[in-house]
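Consider the two complexes below, in which chain A is the common component and chain B and chain C are the respective partners.
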Partner chain A sequence: MNAIWHVDDALLERYVRGAAGPLDAASLEQHLTGCADCRARIATHVEVAPLEMVWSRVREQAQAPAPSLVERLLTRLGVSASDARIVAVAPSLRTSWLFGLAVTLGFVGLGAANGEARGLAFFLLVAPLVPVAGVAFAYGPDVDPSYEVGVAVPYSAARLLLLRTAAVLATSLPLVLAAALLVPGLSWTAVTWLLPALAFTALTLAASTWTRPTFAGVGLGIAWACAVGAAALGQDPYAVLAPSLLRVYAVVGIAAVLVLRLRIRRLTPLGSLS
Partner chain B sequence: MTAAATVGLTGITKKYHGTTALDAIDLSFQPGITGLLGPNGAGKTTLLRIIATVLAPDTGNVRLLGRTPATPDELAQVRRRLGYQPQEMGFPRAFTGFGFVDYMAVLKEWTARTPRHDEVRRVLDLVDLGDVATKRVRALSGGQRRRVALAQAMLGDPDLMLLDEPTTGVDPEQRVALRHVLSRAGERSTVLLSTHQTEDVAALCDRVVVLDQGRIRFDGAVQDLVATAAGRVWLADAPDPAARASWRTGTGKHRNVGQAAPPGSERTEPTLEDAYLLLLGDRARTTEVAA
Partner chain C sequence: MIGATDFGMQTDPSWEDPELLAAVAGGDLGAMRVLYDRHAPWLSARLTRRCNSPEAVADVLQDTFVALWKGAERWRGDGEVAAWLWGIAIRRLVSRLRGRREALVLPLEEVAAARAPEPSAEERVLLGLEYGDLGTALMKLSPEMRAVVQATVLDGLTTREAARLLGIPANTAKTRLHRAKAHLRQDLTEGLA
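For the complex of A and B:
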């Protein structure tokens, strides 16, 4: 379009201040769409600094990833925003994993609610393995497609794994405890499964200094399934929580923590130069 | 090895299940860009992994940036100044380009949000991904994903950059743009670039190391490698069965790289690719073997 008339400076200045009336503003905007000269002139009336500030805020809002549920939870618990960011990346700390876990535990709890041996056995099978699975799927080359590049960074692998383990326990144990409330007659034993759960979690971590966390978790899962299966066949699923065995879990757990303490620097299965 | 060497490798050997990936390698690198050439399975990736501190050699000594990365503290010190782009790199689900590079920046100890985000934007702009930073990485093209991987390796302008096939899958226009970025990086950093693209090495590198079966076959200036093919490249009307390599070019002439001139041929200037083919012969075209 050939514009013969041009906007005068006074109107441009009023428009930039927001002081032009709606009619003048609409007319000016219509004119600006077709007049490069006036577009260039209005640019000289606009202050760049505030615009840049607004633009940088808009860009930050658009680009910065929104924190996930677990990330928000962790920052509320006092974890720094940057730690929360890398902890929450673990597959077993994603909202979808936690939702799936809640649904699964709901069914497991309901299955055990009538007090039948099979339902109880299934609850006792699943409960201690929930944190184990969480830890096994929190770190390592099987669950992190960018694992290799993540090894070559200064952030401590041990710190990352321990933070993710703490986050897994903080998110999964309350869900299992809630499911345990559905199981009748558990009374104080409603929490005794916590002992093998914690011992197995420590064992998974300790084993991760030799092998991949997923291998450690699967191995433990199979061993526990065999133990619970044998107890269920003997018509007493609670046999796996017998006082003598609880002592064994405690010893295993403490031993695993000690081993982990000694070997925690060997957490990267690709191998470090040490 | 000179005092200024940023990477010093002595007697590095690495075996996988009885196969020797690296065989008593001695190498040192200074600031500048070095190209690592070699057929698949030559040991390039193993070499870069060892320098990137993600893989331990079976035997040998490694000095990086003036340190021996044997203790966790020394390792962390080295890793603070190191950027690594692995050959194959996946991305955690649901990450955007910005989100992934931001995640890597946290792992590289950029804890303060504002400077970290500024740095993430800077490296994404460097690889020309600023406009697609909010797209999910899995929705990006293969070449764009390689550039996301390169962007994270450039966070903080590391003193040592290890890039394993950074231009694979990247379109020609972007490759030229990346060459500009890499050549700038090579002005102050030590950049090791593993590639199959002899054009990238010819365009970017001061020095080239040719690896084959875990051993160094050539180590020197790019023009010195090219010079080894001087007088051994001919254009002829027919392929030469005795040539190391022979192919029909777009002009209809056959380019023959070999020891002797085929009948009725005219000598032509060699390229880096000719020299590489002459050096490795059929081994230059070895099929893919992970190592």
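For the complex of A and C:
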């Protein structure tokens, strides 16, 4: 009774085919757990191609860099792994970018705390441009190490840009709002800077259906800087947030969203610009 | 098969599983490939007996080896590496199937009955060496009860995990296991008398 028996090849073949009876299968499975010889022999009955496909996926995952904090956070929140990767590789979401943003805003806040009018102007200059810069650097041939991959895989450019825009807004706006608390001269009505911020973001997106997002972002930045500069020279930085101008921002923002909706498919051939 | 250049460090294919695991814990992909060649075939065959979706089986196999890559140092060094791997794989299968019905788990009998020639008497005798009277007693159980026994006793799942794998409520699995054990006990003690 102590004779060591091994599973015969006919049974191994039937088992792999799914044709072994329940008792045979159960016995075989128990035996396999402890017998390296039979485990090696069953391999000759199992199809190689699917196993090689799985191995290539395993190797890819083993060699891939560990997912970043942002990526893990996003997957935790229910974003699919591929979406998380595509959002997280945007330079504007890199830790360094967020760190730089925080430092800049800190200085803006401090400056505002020291000198009333000038500090205020500085804050108003920077705050609405933060999300614009984020979006401008979220997509496109200038900035994106994954860009080549981005255009090569069947991943809609529009989806990519919108996903990253959402991510940029979600990360940068709370930071700017927090920085605003550091500015004592800023009344709560000043949160109306959010309106030009959103309008400019939409405008950048709409403009990127014609040109690179970076060009659009830089152009908008220069225009906004001139406006704030002019208002500051007139001793009233708040002038850029006057009610009549807010209405203009709203109209511009809505128009930009409409244009974006119409032209969003044009985003795809963006790669030809590079 | 992969070329020798893929082996970062010197991995000897004659190494025992525990040595290979230690090398994998040290980041040796070559050792991982040797382990994969040894264990992926039988794991895939065994998973296929529990889930009829090739995609799900491939995913679970992938998850299992990625888990091995990340957690090779978690092996406590006792028992068979094969048993440890199966423990990972069957739990990955349970969580893969949770809430999804696209991958249907077949009771083993259905797969078998569909295209099985009966095993020869000789094989039965050989296999009887492993199970003896227990085997006959197992065969007398209803397929539902046997599926629970299989998942808990043979696959080493908890009743809750077994229930998830089989797509039945946890209480049902518990009752079936309880009844199955009572049947087996009765059958085996009768056999002794």
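In this text, the second predicted complex is superposed on the first by the 194 of 274 C-alpha atoms of A that agree within 3 Å, B and C clash if a C-alpha of one lies under 4 Å from a C-alpha of the other, contacts with A are read in each partner's own complex, and residues count from 1 in each chain.
Basically, a residue touches a chain if its C-beta (ideal position, glycine included) is under 8 Å from a C-beta of that chain, and two chains touch if they have at least 3 such contacts.
On a predicted model such as this, the values are computed, not experimentally measured, just so you know.
In the overlay built on the shared chain, the residue A:Phe200 is in contact with neither chain B nor chain C. Looking at the shared chain after the overlay, A:Ser80 reaches chain B, while chain C stays out of its contact range. When the two structures are aligned on the shared chain, A:Phe123 is found in touch with neither chain B nor chain C. In the superposition on chain A, contact is made by A:Pro22 with chain C only, not with chain B. Using the contact criterion defined above for the overlaid structures, shared-chain residue A:Gln63 touches chain B and also reaches chain C.
In the superposition on chain A, A:Arg14 makes contact with chain C only, not with chain B. Put simply, more of the residues of chain A are touched by C, taking chain B and chain C as the two choices.
By the touch criterion defined above, A:Trp224 lies against neither chain B nor chain C after alignment on the C-alpha atoms of chain A. Residues 59, 62-63 of chain A are contacted both by chain B in one complex and by chain C in the other.
By the touch rule above, chain C contacts chain A in their complex via residues 17, 29, 32-33, 36-42, 44-46, 48-49, 54, 58, 61-62, 65-66, 69, 80, 82-83, 86, 108-109, 111-112, 114-119, 123, 126-127, 129-131, 135, 138-139, 146, 150, 154.
On the side of chain A, the complex with chain B involves touching residues 59-60, 62-65, 80-82, 85-86, 89, 91, 144-146, 148-156, 265, 268, 270-274. For chain B in complex with chain A, the touching residues are 49-50, 52-57, 62, 69-72, 75-77, 79-80, 82, 84-86, 89-93, 95-96, 98-100, 102-104, 106-111, 113, 116-117, 121, 133-134, 149, 152-153. Touching chain C in their complex are the following residues of chain A: 1, 3, 5, 8, 10-11, 14-34, 36, 39-40, 42-43, 45-46, 50-51, 53-55, 57-59, 61-63.
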